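Multiple structures are listed underneath, in structure tokens.
Shared between the two complexes below is chain A, which has chain B as its partner in the first and chain C in the second.
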Partner chain A sequence: MLAERILPAVATALGALLGALCAATALGKLLRSAVETRAERAVTRMRPRLVQLVAGNEGEVLLHGRGADGRAVDRLATELLGKVRGEAHADLVAMLEDRGVLARARRRLRRGHGAGRARAAELLGAAHDRRSVPELLGLLRGRRRREIRSVAARALGRIGDPVAVPALLDALGHGVTPRTVAQAVLQIGLPAEERLRRELLSGGAPARALAARVLGLAGAVTAGQALARAIATDPDAEVRVSAAASAGRLGAPCAVDALLDALAPQRTRAERAAAAEALGRMSVTGAAEPLTRLVGEPDVAVAHAAACALARLGPDGRARLEALDDAGGLPAEHAREALRRAA
Partner chain B sequence: MTHVLRVTLGWFGWGVFWYFLLLNSWYLVLIVVAAYDAVEHFRALPFGGYEDIFSSPLTPGVTVVVPARNEEKDIVDSVRALLALRYPELEIIVVDDGSTDETFAVLRDAFALEPVSRVIAPELVTYGEVLSVHAPADDAPLVVIRKTGTGRRADANNVGINAARQPLVCFIDADAVLDELALLRVVKPFVDDPERVVASGGSVRAANGCVVDAGRVVDVRMPRRWLERIQVVEYLRSFLLGRAGWSRLHSLLIISGAFGLFRRDVLVEVGGFDPACIGEDAEMVARIHRRLREQHRAYDIVFVAEPVCWTEVPRTRSTLATQRRRWSTGLVEVLWTHRRMIGNPRYGRIGLGVLPYFVLFEMLGAVVEVVGVGAMVAGLALGLVNVAFALLLATVAVGYGVLLSVLALAVEEFSYRRYRSWGDLARAVAAACIENVGYRQLHAWWRLQGLLGVVRRDPSEWLALPRSGFRARTAPDEAVTTTP
Partner chain C sequence: MKRLLVIEDDVDIRELVAFKLTQVGYEVEAFEDPREAVEAALHQPPDLVVLDIMMPAMSGLEVCRRLRAEPATAVTPIVMLTAKAQEADVERGFAAGATDYVVKPFSPRELVSRVDAILSRAA
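On to the complex of A and B.
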């Protein structure tokens, strides 16, 4: 029978495959173990010297490290870059520059393959390398894979050059997530404020929401009016929520009326909760009455935010919470929780 | 008559052979896809931006829900380890579902818990009554909720969802141990694609034999018993590489209840976990697929292979049998509950590919395997089957299974490489061989019993499997001690 001829051959082939797979796995393990052991030894040798460099001592010996030692130095320095600041960071960057690591990364940024470019962008971002900003902008604007463009955005944020803000905001609708862009713009900080305010007035909805959020996180105290306008009139609920949260964070008195209006029942639950929280942060005593009413809302998130806000309003707010506590029901539970947290 | 029986058995034998050839070949595809996924993962690891996620004020907060029932052995270590997880905005909620042991007492003593007020939003229907809520005096982000026991893990999960205040909710077994970066990594898909990703599952591995210190696995070793070693290989092949393969094909149907992360709004939208279902974790994922596909929403459910949740696997045959019977029953319940999706083009690849696969291979596989082995044995006993031919057929079928398991080990060795010693590799290869001769058939029998359990309507209460605790660092090499 055909089967009786084929089956032994298949069984033999399976056995051979199994043997080959075991042998390949064992060989792979052997080689990898050898390489890793060598690399680990080099890391153990070089780590104290690198620590000395970071601590401010001379790193002359490190500069001339070659082979496994050189690779260990580069690896350790690259890992440390994101964890140190100030002079130690500058020393590490100088050492990597002297060793040609940063120059190689800049070249890879222009000519490397996808993952190589991304690794280079990550390194140059961690090194705060302003020389690579044009290439990183090119990477961000180009038609590369989304993850590579995201790495470029993050690197630009770390470098902190305000020239990157327009390109970062433009990348919003093109595959880079709002969170990545927001984080990058936030790292650039106040130099991006003017552009963010313009975006809040005239950008697309995602850009407006991002601008509203980042202005608050960056501490842009002069953005109060723009945020108040956004809370009151922006057609997009997400923008209004972000603007309310930022107004509260900045403590913008000019946004109080807009925030009080945002407590109205026709607004979304996220908006009402954000407005209540903002009023609490700003300790707006005039908001006590509407916030007390809000604690009785059936929506738990809104009622909870209102109760917590009341607890931040001082003696009047706490007295109202105690009164609610006596009244019983769900509002009483909200009041008790808020009072506990405030205590 | 004998001739007819012989021919029938012959054709049946070939049918079973082709069935397993098809099943194993599909698994081969999944492992290859998972290997590609691992390569991509390691390629992208240096620029994953995890530090950025950790340091950003924009990273979404996570509520970790730990449903616990009679977990006095491990709960304190687990909670300590969870509190030490590397994540910027974290809240831990332990839901004590009517424990009859000292679960609450050990927590109260370890964390100086005090009764507190906390509003638990009645967004999901729950059955057990919340008795009290407790929090530590030192403001650590821990909440312990005591409720009356309903014997349903799903109910404890739903109470946790109601109490959760963060946009993402992570469910973790009370006896599980997470790697330090596990949460950051399992959150990354939500950060990378916040509009589409609604759930992500992390890989679960067997902690038996590993050394645990301060709630972290510090030394990964193979367990001493063969039953546990076989499960290590099984978890690797099926739960790590199998799910990574399904995920890469955008067809993930199961996120383990031991470690899964969901968007809270989606959990509330689909009505929370189903307390009537044993396999509430798989049922939840199936329901999310169903609801979001009915609404024509763009979404994704992903599996992240690198973050690791370590859990103790059964050490005895009886415990393992109980566990597997329940898994089998749970699967049938899920498939029955969502039978409308099976073969229905409205549900895309889930309806046309994944669910039919689960019916044909995961559910009926046990029947085919048990009947196939039984028929082969009967045929041999009656002299109706050529012994040499039957042996050859069995060799090829078993050999393919062994090849798959060894391939899974090879992928592990060339990628995640958690087991470092040569001895462990050799033991894993041996376990991969043993798994296919004896264990696999026994497993099929347990699964068949699980199927019959659905027909008999066996009780589907939350079953706490006996735990031995983890091996502590200070213990002698061969001793397995229980951490306090």
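On to the complex of A and C.
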């Protein structure tokens, strides 16, 4: 009897609850959609005025935009920051500063939650905001999630302050990928060179390897001696390989002797291949003889790199490859492949 | 008045470039869809085209090649405006027929200077 009375009541209550939940969900969707539509309309309305600011001058009007229009201006300006440079970038930064957007981002960097900090770091990086460098360095060194440290690394790269280089290189062993660190240091550019050279001498092995690689990619022509020393004496093979590759990329004549020594059989195959490639890239004609010997090596990677290097040494190198081709065997295959690639 | 086409799928950049070029005295038609832009260019050849590379409907390189293949637009100056900044990308742009190559993030003032310079040489 009791069950007969209770069960229908429970079913009715559950039905009503379900209905209420459905209605609340639908209402929530409607409200969200209305808010999004309003925001999109504001963006469409404010875009031409922001464009005029970037291309000319309408700063006062935009400075006082509030509500949906103000949020639209902030959103549009934030998105445009990464797309322009020069005077247009400076005007956007000034406007965001005047509207208090950058100050809020700096505060979020210190006290926000994970995603908020990451968004703040992205914005401050795009604004090239040097005032936030200490906070970003704190995020990079702190025990935050790997994603936050990566965002901080990217932001520091965009800001371009060389003071960040040691912390960026240290971040290598703490979840930030070598690619992210290399890109950040490359963005800092020439001002980072001096610190990179110091890291190459005294940093940990991953930092030394990355410093060697980035010095080459950055075109740091004054780093030749430091790279030559690293090729000859660094205790870590990966550092020696990176230094050899960069010496070749830079065309550093002072590294030629170290590169020739790095062809020796007691060196690792990666070092020998990198040294051969670098000598070819630099068109060191004096390397023709040792490179020719290397084409006869049983190690395919080393022999192939030596053959390709010979192909870059001009008529003498090509004549040597043709002679190897005539002699037959595995060296002939390497020689033919190198000549084919060079053609 | 010189007539320019701006072909760019990013609405912020499209409107900024169009406004800036209009501001300095050019007549500008801006397109989001590169296929429509190619039709417009062939129907009435412009004096210069500002062209993005990475667009969903059709690559800017393809647009460039198509314009170069048509006698009406074979010599129309084309300025590539793109985020693709590697040496190989620049090579591909010029190989496709670009007259100049501007990398994003870009300076609107510098873009206008380049457009001015190209059109004054062409005059």
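Some observations on this one:
To be clear about the criterion, the second predicted complex is superposed on the first by the 232 of 343 C-alpha atoms of A that agree within 3 Å, B and C clash if a C-alpha of one lies under 4 Å from a C-alpha of the other, contacts with A are read in each partner's own complex, and residues count from 1 in each chain.
To be clear about the criterion, contacts are C-beta pairs under 8 Å (C-beta built on N, C-alpha and C of every residue); 3 or more make two chains touch, one makes a residue touch a chain.
From a predicted model like this one, the values you see are computed outputs, not experimental measurements.
Of the two partner chains, chain B and chain C are each touched by A:82. When the two structures are aligned on the shared chain, A:217 is found in touch with chain B, with no touch to chain C. In the superposition on chain A, A:52 makes contact with chain C only, not with chain B.
When both complexes are overlaid on chain A, the residue A:147 reaches chain B alone and has no touch with chain C.
Once the two complexes are overlaid on the shared chain, A:8 sits against chain B while remaining clear of chain C. For chain A, the partner touching the most residues, choosing from chain B and chain C, is B. Of the two partner chains placed around the shared chain by superposition, neither chain B nor chain C is touched by A:268.
Touching of chain A by both chain B and chain C, each in its own complex, is seen for residues 82.
Residues 10-13, 15-16, 19-20, 23, 104-110 of chain C touch chain A in their complex.
Per the touch definition, chain A reaches chain B in the complex via residues 3-4, 7-8, 10-11, 14-15, 17-18, 21-22, 24-26, 28-29, 32, 82, 115, 118-119, 121-122, 147, 150-151, 154, 177-179, 182-183, 186, 213, 217, 300-301, 303-304, 330, 333-334, 336-337, 339-340. Residue ranges on chain A touching chain C, taken from their complex, read 47-48, 51-52, 54-56, 76, 79-80, 82-89. Note for the complex: chain B touches chain A at residues 14, 43-44, 46-47, 49, 51-52, 56-59, 116-119, 121-123, 165, 191-194, 389, 392-393, 395-396, 399-400, 402-403, 406-407, 409-410, 413-414, 417, 422, 425, 429.
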